[in-house]
Each structure stands twice: as C-alpha cells, then as structure tokens.
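Naming follows writing order (A, B, C and D), and every chain is counted from residue 1.
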Amino acid sequence: MVIKVGVVGYGTIGKRVADAVLLQPDMELVGVTINSYNYRMSSAARAGIRLFALSSAASFPVPIAGTFKDLLAACDVIVDCSPKPQGLKNKEQYYLPAGVKVIYQGGEKAPVGQASFTAQCNYEQCVGLDHVRVVSCNTTGLARTIGAIDARWGVASAHVTLIRRAADPWDSHKGPINAIVPELRLPSHHGPDLQTILPHIPIMTSAVIVPTTVMHLHTINLRLRNIPTREEAIAYLGGTQRLLLVKGSEGLVSTAEIMDMARDSGAKRGDLMEVAIWEEGINVVGDELFFHQAVHQESDVVPENIDAIRAVMGSMSAQESMALTNKTLGIYAGKQTTTVVQKAMLTK
Amino acid sequence: MVIKVGVVGYGTIGKRVADAVLLQPDMELVGVTINSYNYRMSSAARAGIRLFALSSAASFPVPIAGTFKDLLAACDVIVDCSPKPQGLKNKEQYYLPAGVKVIYQGGEKAPVGQASFTAQCNYEQCVGLDHVRVVSCNTTGLARTIGAIDARWGVASAHVTLIRRAADPWDSHKGPINAIVPELRLPSHHGPDLQTILPHIPIMTSAVIVPTTVMHLHTINLRLRNIPTREEAIAYLGGTQRLLLVKGSEGLVSTAEIMDMARDSGAKRGDLMEVAIWEEGINVVGDELFFHQAVHQESDVVPENIDAIRAVMGSMSAQESMALTNKTLGIYAGKQTTTVVQKAMLTK
Amino acid sequence: MVIKVGVVGYGTIGKRVADAVLLQPDMELVGVTINSYNYRMSSAARAGIRLFALSSAASFPVPIAGTFKDLLAACDVIVDCSPKPQGLKNKEQYYLPAGVKVIYQGGEKAPVGQASFTAQCNYEQCVGLDHVRVVSCNTTGLARTIGAIDARWGVASAHVTLIRRAADPWDSHKGPINAIVPELRLPSHHGPDLQTILPHIPIMTSAVIVPTTVMHLHTINLRLRNIPTREEAIAYLGGTQRLLLVKGSEGLVSTAEIMDMARDSGAKRGDLMEVAIWEEGINVVGDELFFHQAVHQESDVVPENIDAIRAVMGSMSAQESMALTNKTLGIYAGKQTTTVVQKAMLTK
Amino acid sequence: MVIKVGVVGYGTIGKRVADAVLLQPDMELVGVTINSYNYRMSSAARAGIRLFALSSAASFPVPIAGTFKDLLAACDVIVDCSPKPQGLKNKEQYYLPAGVKVIYQGGEKAPVGQASFTAQCNYEQCVGLDHVRVVSCNTTGLARTIGAIDARWGVASAHVTLIRRAADPWDSHKGPINAIVPELRLPSHHGPDLQTILPHIPIMTSAVIVPTTVMHLHTINLRLRNIPTREEAIAYLGGTQRLLLVKGSEGLVSTAEIMDMARDSGAKRGDLMEVAIWEEGINVVGDELFFHQAVHQESDVVPENIDAIRAVMGSMSAQESMALTNKTLGIYAGKQTTTVVQKAMLTK
C-alpha cells in the first residue's frame, strides 16, 4: 500500500517535505496547495507537482488540479506546513471534518497534536495517532542530541543558549541587520517545547537572535548521571544517526563553511538534514558535558515529517522508517543500532 | 577523442569546474590539485576525484594519485583556478615548460592569456590558442548582456554601477559587516576588463562593495545606436541564452529570492549560471536602455570555462559547444539562434 | 522676536530637530509630542523637554505639559516628523484648522507643502510660505551637490545610482540581512523628488537597498555644460558649505570610518550633517563629472529643517540663516560665499 | 599634584582614554603617539592634542611634539593601547628602561602586569604597582556583575555564553558577513581571564562570534550560595554603579536600541560605559540567577583605565577614584555605597 500524502503550505518547509515525499517508495505525493502565485509555485508546476487552490476564487497562470477539499479527500495524510497559527485553524475548519490524519509543524502550539514528535525519541508514542506535531527546527536539533545522550548516560539537567539565525536565506524583509536581540522570557519557549519530547529532563534555555540567515547554533551544557570520557562522548555522538561530527581543523570553522560542505555534497538546495556538532568543542568537565551544535533551520525537520507520516499510518517500525528515510534522503545513518537509543527512551 | 582536463586550485571555482567537466561527454577529469587538507578535499575524495599534490612534501589523510607534474603530463588542458596571481606564476614555472594548454580565471591580469574569453562574444577568436583567460564573474555577466545588446542594436556607450557582494557564502573572515566600501578608482577595474572582450564599446564603471554574500548586482545604462521598444528589449533579452528574465511580481524581489529559486531548481549547490535580469527593471528612455542584473559570482563563469576548453582544443564550433554546455549543465539555451549574435560580434 | 517651535513625532528626525532648535538663539522649543512611551521619551523628559500627549486618553510615567492642541496653540511653527503619511493627515485634521505654519519631512508626498525645500537651492522660494516640505535625506544630499555644480558649471543631465542603507542603526526589525534589493521602478522616486528642487535638470535615478545601517552612498554622473578640470571640481566642492571632502588615503575607505570620524568630532549622537564626498573619487572624463558621496540619513536634513523654519517666518535671509545654522550646529560653512550659488540658482 | 599621562596607541580605546584623561581634574594629558597618519590623528591634531612620533623617520602633515622617548620622559603613567601583543614588546623595549608606570589593555596576556584590574573588584590590590593590566571589555563586563553578585550573595559557580560582536563599527575589513563562528576551545579564553580578577569563582565560558558591530551580549547563569528573590536581584543590580538596568518594555529590545539611547544621552561618540542589563531577563530559578547583559566594547574599559591610573599612583582610594571617574564621565554612580562591595571583595 502506498501512503497518499498532501502538503498544505508550499514554503520553506512545505517544498522540502514535498520533494522528500517524492523520494519515498511507500508514498505518493497527491499534490500541494497554492495560495498566491510566486516563484515557488512556478518551480512546482515545472516539476510536475499538482497544485490545489486554497481559495476557489483565485486564478493562476499554472494548471490547477482541484480544490483544497479535493486534496483532503484524496489523501491519507496531510503535512500542514502553513505559517503559524494557520495549522490550528485548518485543523478545526478542514481537517477534523475531513477525517484526515495530519502532521503539523513546530510553529503551532503543542496541543494542536495528540503528541509532539522527534523520530529518534518517541516515534512509538505516535504510532496510529491522527494529529501529530513535529517540533521546530531548534527543538528537533536539541531533542536528537540531548535525547541520545540521555539514553546513553542520563541527563540530570540541561542548560542551552540558542543563537538563532534571524531570517531564512530567501527572506529579504526581516532583520535585524546589525543587532543582537535577546529573548527576555526565561526560559525561552524552546525549553518547554523540548519537554514535550523529553519531559523527564529539567532544561533551561536562553535565546538570542543574530543577523545571519544560514543556521542556528546551540551552546549546550548537560549535567550527566554517568560520566563518559571525552573520547567516549565523541565516539558515541559520531556514531549516532542524523548527527554529523565536523572539525574546525578541516576548515569548518563556522556555520558558513558547514553549509558550503552541504552544498558540495550534492544535496538538493544544499540542505543539511543532520545536526552538525564540532568535534573540537565536545568536552567533559567534572559531571558536565559541553558542546556546540549547528542546525540547518530549513531542512532538519524534513526527515522527521517523513517518519511522522509512517508513524501515524502505523506502516513501519521506528527503525525501519528511519533507516528508509535516511537512505532515500542521503542522511547519515549512524553506526550503533538505533534500537539501543529507542529502548532506553521507551523504558524511562 | 576525449579531452583530458585537470583542475589546478580546488576552491569556489575549481570545484565547480571539476563537477562540470565530469558532466561533459567529450571530456575526462584527470584530477584536481590538493594543497592543504580541508572539507573540500574530503568531499572530492569521497566523490572519487583523483587528487594530485601541489607539494610533494605534504602528507594527507586521503589517497594521492600523483604529483602536480604527473597531472600536467596527463592533461590536454589545465583549468587554473588558483587564487590570483598564482596563475601567472604557475604559467611561467610549470605550464610553459610542460607545454600544456591552459584556461585562466579573471582574477589574473589580462596578459596571462593570449586572449580573454566570453563564449557568447568571442569564442572564435580563441580557437586553437594555448593560453586563454575567462574573465571574472562580473565581467562575464556584463559581457553577456552588453555584448548581446550591442550585437542587436549597437551600444554607443555604457555606464554601469556594480554593487558587489563582499565575500562568498562560505567565507567567515572577510567583511565589511556594516559598511559600503566604494572603489575610489574610476573607472573601476571592470570597465577596462570588459573592454578586453568588447574593445569597441566605451564603458564607464563605478563599483561599491556591500555586506552581502549571495550575488553581485549591476545597474546598467546603455546609450544605443538603434532604439528598440521596451517590449522588444524584453523579448530579446528573454530569448537570449545564458540570461534569465525574472519578475519581482513573482516574489523575486531581491538577490535572496533569486538564489532560493536556483536552489529549488535542483542545480548542484543551488548555483545559477545564467545572469538574472529583472523584467520590470528594463526600460527605454530616449536613446538609453536601463536594467538591473544579478550575477551569481560562484558559478556564472563555469560554462565559460567549459566552452573555453573546447575553444583552445578547436574541437567544436561556438554554437555546438555552447549548446552542449547548456544542455549538460541545465542552462537556459535561448530562443533565437546564437548565430545572429556571433555573426554580429565577428563582423565588428 | 523668538520663534516658538513645536516638534510633532519624536523619532529619528524629530529628536534631532528638537535638539537643534534648542541650540538656536532665535528659537524656543515649546515642546514635542508623545505618543507611546519608550526610551526616547524618557531621554527627552530627563533633558527637560516638555511633552504634549497626542492622545488625551493615554497616561505616561513622565509629566505631560498639555495636549496636542495646546502645543499647536503655543507655536509659530510646527516641524512635523511623523512617519509618512501621517504628516498629510495632521495637516488636514489639525494644522490647517489651527492656522500654524508647518515644516514637513521628505517621506510625505510633495503636494503636502506649497514648495519643497533645500536651503542651498531654493530658500528664497519658500520665504513666507505656510507649508514647506524639506526633502528626504537622499534628495537633500543630491540637491546640495548637484545644485552647487549646476550653479557653477551647468548640469545638462544627471545619472545617479543610490545604494541605500536598509534600516537605521536603532532598528532591530527591518532587513534584509543578506540581500541586495533593487527598486524596479525606473526612475526611482528620488529622481522626480529631486526635480521638485531642481526642476530644470533631467535626472535619472536607480536605487538598490543593501544590508547596512550607517549611510546611503550615491554614485553620481553629471554631464556638464562647462567643463572644469578635476582640480577645479575638487576645489569647488571642497569649498562649498555643508559638503565635506574626505580622503580614502586617510583611512576613510568606507561609510563606516566616515561615521567614526563624525563620532570623534564630538557631534551629538556622532551625527554628520554634511554630505561626504571622496576626493579620490572625483573625476572628469570628457564632459562628464563622476563622484561618490555618502549621506548620513539620520541627520543631514536637520539643518534644512532649521533653515526652513526661518524661511517660513521670513526672519532672515538665506545666507544669514545658513550661516547661523552652520555655526550653532558645527557644520562646515564653506569658503566661497553662498551668494554665488544662490544667485545662480535664482536666475535660472 | 597633577598626574601626567601619555597614551600609546591612538585607536578605538586610546582615543577614548585620551579624551577621558582630559576630563579629569587631577590629570594632564601630555600627549599621544602617532604611527601612521589617518583621520584619527587629524581629529586629535584639530583638538589640540600633542602628537609624539613612534618612529622618528616618518614625517606627517601635522605638527609633531616630540619622540616616543620624549613622551615617556614627560609622563608619570603611560596607558598602552597598542594592538596586542605590542604592549609586552613596548614594556621590555621602552617602559622598563624608562622606569615609567604603565596601564596595559586586556588584549595583552595577564603576565604583562603585576596584576589585572577591574575597579569595582580589586582596585586596592593594584595600589602602588608599576604595571597593571585592565582586563578586556568582555571580562570587565563580567567582573562588574559577577563580582557584585558574589560580594552580596556568593557565587558558587558561573556559566556564561558570550555572543561577541565580530568587529568594531569603524572596521570595514573584518567579517563574517553571514555566519556564526564558535570558539571551539572550552572554556573560551574569557573564563581564565575573569579568574585573574575573581580567582575564587569556578567559571565556564563558551563564546561565539556573530555578524554585528555594536555590542557584545552575555547570557549568564550563576549558582548562588544565598538566594535572593527576583525583586532583590533587580534592586541590587539596579543600584550598583557602572551597571544600567534597561527595559525591553521601553523599546530597548536589542543592542541596537541600547546604543541609540546612549547616543541620545549626549555621551561623546554615543558611548555607553555602563554594562546594560535587561530587567525583564533577570530571573531566579532554584539556586540559579539568570540574566542577559550587553557590553559596549569600545568604551566600557575607559573608566577602568582612569581608575587604574590613580591606583598605580596611589593618589586616591577606590571609592574616591570611582566616584570622581563616574562624575567626570557621566557614568551611573549607583545607590548603595561601594564600600559594601569592596569590603566583601577584600575579605574573601
């Protein structure tokens, strides 16, 4: 059986999820929605992706395959990539009446879904649910690393400073151009969001916004229950799927070179779906583990969306889905079996 | 016969030329040089590209296929992508003794080559030469559009302001962060450089450097001998190969969205080898034609290097080479035959 | 007689105009308006400036001297520094009924005033008027230099590319962070705006917005009726009031160092009210004069507002007013008498 | 007795220290050094500051008052503001032979001085010494707040993430333009540097560099021995000299608006010598105190240099010197007596 998938909202995340669905042997992309006409819609049309009009009143210079309701009727799963808080509005107005399963994005508030989702942490919890929320790019990045370390050594508490890119590369409107903007709320919203995935870990997050477009960077400090050596920490993180150790000594001294490396890899759009961790920055001091990681905000949630589709359909196990997603999207699949991590997560 | 090509200098341009050579049915990439080890070399090694050590003394964590001299001995054509002015030094010390044909980049001064090169303007002039210089990204962009317009309507004089990106996307060292830096020399070096391709056109260029990494932008003002309507200018530029009309009305309001569109296209690294011209910005006022164009500094010279290889080998006509390069690299091939442009250029 | 002045809108321009009024021996600052409370109002209150509430409903943590109508009733002249298009709304709703004279800013459309104003160009035209618009920072900068050159040698036509700072230094919201945004309309709005001051000069302007906060930069190309030598052009511009020749050879290689020099001068807020022209960039080629100038967008219109106040009151001649404004604000007063320029302007 | 002071190195810090010396009733600025001629020297000459040539061979377009040795001979104290590591070289080659007392800057390594210095923390330790190093802008900012909190409640351990501005506002060369650059060494050099002032506090610092020029921002997490309420922490920090509570609710939402507020204050160059702390960001959670602070890298060490001059001369007590420095430079002098802080510091 092939899972019929529709994408609602064809922006930064939506267009990437649509492309990723096209690469899955067990999925069919029914189509994506079109709201206003722009270069993204033009590219989609050229690529042969079917477009469904959100509003029936509008007319477009590209062929339209049907209405929004037509799309809902033809799909098993909708991936909602609307700008927040449109996802919740769509749920109430369209998705619940249509009885379709839906994956939401992390911009929506947690209650939009029956559960929040990060594949490596809680895939099993979401099997068979109807409404699941993939957490945001920042939270996904933190859930992957903190979840993996917690599964292996136990995390007693976490302190994270998020240095956030202020806008996406395509965005010519948002600033700041020359300022650092702190989030004055403490913890920033990332801490509580991460606890929707890892509820047992006390976590304090501070966040600032800086004038760059390419990646978020997190400085992470974890108090551990069991203490690895620095070498053990490096080996473990280096062997975990969807993480990527990088070295300053190989010229990867900033987020800029990391994205250039991703472009060299041939990934579509130069995306990097793994979380990048600087090997030289991993350190153990007393009972504390420190490291810096960088998150490509445009793409790290794409594999999570693909896995979440399979989770709500109950069509594969966590390991099978992640392995297939990794393979089809060219993501690092890790050395140690994910079973260990999953088991550790599930027994907590 | 297959042309054996080596790439010296594996940076921003070198790695793209190497990838482009790999896509040509009539070329073989013998290998590229390695100087210091970094992520670029690591990517090349993973891709199976053979590495030749510039210095025999160094040792690297990747297999080395031979020395620099081995590379020279095995190649018909070298594409030198060294940082300026290393190309000239290499010519004297290595290339002339080795008797190899060489394509240089626009960072080198013009006399390094027997001629400067832009495929649409003067391919034929370079047929059979041994040392040819592809002009810089900015000059290539200007030569394509001004050359095409001159061929059609005659350019009496040109005034250009170049708003230059200060650093490439991977560069985490160069600034400025918050300043506009004018080039105080007038004309900027771009005017005389463009005249190595279009010697019969008086051109005045002013240049400033601005804090962005994604594209150069040129504001262009041409005094014409024969005056088209605005619609004729749009139709002609829109039908010319290696140019791409874009519309602000489709959301392409800055260099940022243009590069995002290029990423959507699936081009490796999200490159845009065409020169982008905003349709809404094309205007004819009296005898003057005005337009804005944007140049992707990392990639617009790549097809020129490929064509230059065939020119020095004398293996194809201009039209054949450009058509094959366009097809293999996914570049817009235009509507009108290039013959018109070429003939017009050659009869001047 | 002392001119009683009120400032409506206490933002980037308003706070500077208020401070400048405080320095004039022939003016009294009645007060400024307060709309929402922020650090600017806090600074004004600490400085003893009286605050008049735009809305009577609001309450503020600082003493309020009265209502908006109280302010209008107490003033001879209002300087309206509201964000566009609030000036026009204020005119119709408040200023015309109150019968007060008003100076507007360049963000408003030209018809808001009976005339547009740049002191060096057309002070006399505005003497005794009731509603006068000081043109924008960019237009003021262009009017000063192009007007002065036209008065001396005659400008047959002008071509200008404006490279505009995208946001002010205090602005943490506006972008772009990493893009160049062309204005696709041609001419950009600056050309027609400049012609409200210099109606007899054909002028074509192109504009782009770049990610910097400190200054606008203009590349200027003037076709002249009479041709000076380069040395004559340098001497004349260097001797003209409200212009400032700067040298790249003294480390002033970008807009950043120019603003640092202004900070060194001790000017309040590090402002630079003169237009800065790079001496090395001034060139004469054939009948064309080329130069680069930089405009401090936050402050170059401040002396114009002060002069405009005296013009509408008819209290001084152009030369007297400019001389007094220059002296009180620490602005370069020039070497040649302004009479020459003024006379030349008026006889056209 | 008036202290005769010379400034060696007239850059970002040197020119500010020279101006601050000019404002002290108990000091005389003998002069500053000139190395190469640029706009800074031109401003100094216009301001009547005497210039001493570092090299006797050079000639300058401004009057020279003497040689470097003349300057040393005429001064009681030199403030060395040379780029690192020139201070250490000057010490060995010039200062030790001349027998002059010297204040160094934080770019030099700690051993250049007999002690490192932050006025509020350890003025008394430096009384009468000959070679004292004022710590860097970041370390000064951290020493002020962490030292004050430690004196009041005891700091058991500190974790700090420094988000550093990449270049100063005048700098048109340094980048990055669009990247976040982590310092991969852990702790970053700031932790050990802070321990030269506060040796009894365990401190872990992580640092990243971001593309902005205006201020550093620190996210701070202190584990306390005695726990204040949030209100007590706000009241204490708000009453401490050389700190400044700011409110996001008054529009001070980023480093950009804070610097704009400083410009409004009339401080020369728009400098902010206090450390700014966001009131809304101060929080107490369990035994941990969290806050964000911003440091104006160009000026926060200026008052420290002035106090250090008096310390090495032994001419005033800490409280007397800080009070005089605060008054002459317009720095917030605090509500609680500094005696408490000083005593607490000295009894540790």
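One rule holds in what follows: a contact is a pair of C-beta atoms (placed from the backbone, for glycine too) under 8 Å apart; a residue touches a chain by one contact, two chains touch by 3 or more.
Given the structure is predicted, the values throughout are model-derived calculations rather than measurements.
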item	value
Per Cα centroids, the chain farthest from subunit A	C
Chain pair with more C-beta contacts, B-D versus A-D	A-D
Subunit A and subunit B, separation of their C-alpha mean positions in angstrom	36
Averaged-CA centre spacing for the pair subunit D and subunit B, given as whole angstrom	49
Subunit A and subunit D: spacing of chain centres that average the CA atoms, whole Å	42
Contacts with 2+ other chains: residues of subunit D	169, 171-172, 176-179, 181, 211-214, 253-254, 256-257
Subunit C partner contacts - residues on subunit D that touch it in the complex	15, 37-40, 42-43, 169-172, 177-178, 213-214, 246, 250-254, 256-257, 259-261, 263-266, 268-270
Touching residues on subunit B, where the partner in the complex is subunit C	159, 161, 163, 165, 176, 178-182, 184-186, 204, 206, 208, 210-215, 217, 219, 221, 248, 253-257, 278, 280-281, 283, 285, 288, 290, 292, 294
Contact footprint of subunit B on subunit D as seen in their complex	166-167, 169, 171-179, 181, 211-213
